[in-house]
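Two complexes are shown next, each including subunit A; its partner changes from subunit B in the first to subunit C in the second.
Presenting the complex of A and B:
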């Protein structure tokens, strides 16, 4: 009976959280179709951290943070994109089950910032406002874009390994609730090979963001999405770069296998005013190439 | 009566013991959990937060919830009213009509103020 249970557990797909490096997006996206591998949306949900390709030095601290967020016992698999990693991942999970190959925390077990508050309960300053508990300020009120009701703004860096953003892109965002009020690009997306900007790959990526995994898999395999509602799943008129050029039209073009000559706007200009889901869909409605070029051009424009 | 009292005391003790065992189990699970500082950090795809997430934000659905409560209250009154209506007849009908009219004025007012426009 015990032996049966173990073999039954081994049949479950290995859940991995992918950290995608430069030139590795198509290889990792091919894993969506791979049998026996499940790409998880958060490190909490993963057993193994899949580090695909060479992670540049400036993204290493972020990689360490994501690594430590995979709950122990955890393991790391470095993958250069060659061949099917399934067997290696299963072998790694077997070793984990035996208590071998564990990857210890890379960061010290200390709060990321030093405690500098005044109160006993972490309040720091007066009431909910002010103070710097654990070296991090409390949210302060900021102007709202929509109706001027000034409430607290939350600012954070997102990426470079956020599952809903292009790999490598680091966004410096200030949010009011779910509305982005300020945006800046801290790092552009990693360069990706031309396959990543293929219409089918881009359409599949957008469909996956919409939660339409089945149609996404069919599109990625070069078939019809077989879902007449797929385009209508995107709100009409969202992400309109020009009249008649919204996300829907870009998705429709990709589904018709038209690469489109869409030039992406600078995310720092494009994102403020959008809600989080709108921002994510808008970013995914441009090819990774176009987005990288836009970020680099904007950075050059600022430097000049 | 005495037997009933004995049984209830025994049941009480069983419940107390079960609660104590459960509480101790949860406490032990808390000790075994690997809750390190990096694990407690929010997941931002490798990014870090600049401010704490304890904040006030505009709950934009609240006008919708008020309308929902208005409709719900209406329904709540209608169930007991249905019983009264069987006894009283037209009089109850007229009273409910008045109540619904007042409520509808509120809804029409909200409509004019734009509470049904989702933003």
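Presenting the complex of A and C:
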């Protein structure tokens, strides 16, 4: 029985979590349509970490953290974007099954920093809430942006390998529920080749965030999405950089194969006040290059 | 009784496999690759054999309790549907009330699942789902009560009997579409998947791999079977039909509803939760209330 389960499991696609480096977004996005490979939405559900391209030194600690979230025994495949990685991944999975090619934890299984106790329970905040005990941010009540209810605010860093954000982008966010109340850019998105900004690629990226994988595959192949409530699922006016230039119009343009010349605003300015899903859609409604330029310009502005 | 229980179990397991297979065939509608009947089993085996890691300080009881509760709710919900030759496993005079309470408790199961891992994305998924599922429960009740009016009974078997001359899908045309919206919510699918979407890296499942994930996915599929069986009984006359035996008819109709839910789940976009909340309260609720009023007026007339 156990043997049968294992041989049956071998017929399933290889489950990989991609960490996408500079210049590698189009190559990895092509894997959505690849035979025998499944891109997982979370490292916890992957067996192999796919490291695409050269990860810059700044992002290495984050890569190690994602690496350690892939359940052991795990393997790592470094891919430069050339050719179909399917056979190499299958071979790696077979080696894993034999107990070879394992990639051990890269970080010690201990808290990110020392105990910095404060309060009766040494938790660091007030009462039973807040603070950063052992380097872990805890929620704490704070004034609310929208309705005056003092809900818990939670601050944490998101990126650079989160599946819903452009690769490389690191955001320091404070959330109340799923509403972003404060945002700062800790690192800009990685540079990507012009193919990543093709209208079809950008539209497919947005459609996947709307839960439309099938239609996204059609769009990526240069065809119409054949979906219901795709463009209209994005509320009118959301992410409007200027009157009439909202996410919906950008998606409509991309679907009509118009590149558009949209300049992205600074994420630190555009994200506060948005709910998580809206924020993710807003970021994906700009080309990765436009977003990178906006982050770099904002950083330069701050430096000056 | 024993046979009816085994029958229920068989329907849940076979139905879950069929639903999972529909899920893997549907991409062909968009020119993708359809995967065959073994694909669902292979994926399940891969999940079961894959290792899993836990988060720091998870709530271990809720982590296992959430999928189990979800599975039990699917089984109890399907138990009031007359699926066998001898009718339902639980022949209750208040069948749709039992189903309704199962629906409401799904919100608890999903919330438990999001709470358990002690992590932000799952928790956001849990809260988001609770906010959306609550207003979905109300149309569900209106739709089911409307179906009970011509039957003059809250029993699912009586509702089936009341469709001997005309199915509820014809008599109450808005009922099935509204109920399918409920089904998408109960099974966390496509436009109503505010719990487990990609924008939250898998939401309530974001921290889960291996057997725990397999159990959760199985529970979602089992709930799709239960929902489809219920929809087939309430709107498509359940086991009623010529020539073929009743249970076969119910099976066929259940599979049809299942296919519709799978395709809609992959073909309809997911609007941000705040917008969905507005659509549900401003349009969904009044429409389902008007539907109930119309059903009542039709019954009196």
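The rule we apply is simple: the second predicted complex is superposed on the first by the 274 of 304 C-alpha atoms of A that agree within 3 Å, B and C clash if a C-alpha of one lies under 4 Å from a C-alpha of the other, contacts with A are read in each partner's own complex, and residues count from 1 in each chain.
The rule we apply is simple: contacts are C-beta pairs under 8 Å (C-beta built on N, C-alpha and C of every residue); 3 or more make two chains touch, one makes a residue touch a chain.
Source: prediction; values computed, not measured.
S.K.: Quick one: is A:59 in contact with subunit B, with subunit C, with both, or with neither? Answer first, second, both or neither.
M.R.: first
S.K.: When the two structures are overlaid on chain A, which partner does A:144 contact: first (subunit B), second (subunit C), both, or neither?
M.R.: Touch partner of A:144: subunit B, not subunit C.
S.K.: Mind working out whether A:45 is in touch with subunit B, subunit C, both or neither, as first, second, both or neither?
M.R.: Only subunit C; A:45 stays clear of subunit B.
S.K.: What is the contact status of A:69 with respect to subunit B (first) and subunit C (second): first, second, both, or neither?
M.R.: both
S.K.: Kindly classify A:35 by the partners it touches after superposition: subunit B alone (first), subunit C alone (second), both, or neither?
M.R.: Touch partner of A:35: subunit C, not subunit B.
S.K.: Between subunit B and subunit C, whom does A:162 touch in the aligned arrangement: first, second, both, or neither?
M.R.: After superposing on A, A:162 lies in contact with both subunit B and subunit C.
S.K.: Which of the two partners, first being subunit B and second being subunit C, lies in contact with A:133: first, second, both, or neither?
M.R.: Only subunit B is touched by A:133; subunit C is not.
S.K.: Touch test for A:208: subunit B only (first), subunit C only (second), both, or neither?
M.R.: A:208: touches subunit C, not subunit B.
S.K.: After the superposition on A, what does A:170 contact: first (subunit B), second (subunit C), both or neither?
M.R.: In the superposed model, A:170 contacts subunit B only, not subunit C.
S.K.: Do subunit B and subunit C land on any of the same subunit A residues, and which?
M.R.: In subunit A, positions 42, 44, 69, 71-72, 136, 154, 156, 162-163, 177 sit in both the subunit B and subunit C interfaces.
S.K.: Quick one: in the complex, what on subunit A touches subunit C?
M.R.: Where subunit A meets subunit C, its residues are 5-6, 8-13, 15, 33, 35, 41-42, 44-47, 69, 71-73, 136, 154, 156, 162-164, 175, 177-178, 207-215, 217-218, 221, 223, 226-230, 232-235, 238, 275-278, 280-281.
S.K.: Touching subunit A in the complex: which residues of subunit C?
M.R.: Those residues of subunit C that touch subunit A are 26-27, 29-33, 38-39, 41-43, 45-46, 48-53, 56, 120, 124, 127-128, 190-191, 193, 197-202, 205-210, 213, 264, 266-275.
S.K.: Name, in rising order, each residue of subunit B that touches subunit A in their complex.
M.R.: Contacts found on subunit B: 34, 36-39, 41-58, 60, 119.
S.K.: Give every residue of subunit A touching subunit B within the complex, in rising order.
M.R.: 19, 42-44, 59, 61-63, 65-66, 68-69, 71-72, 105, 107-112, 128, 133-134, 136-140, 144, 146-147, 149, 151-163, 165, 170-171, 176-177
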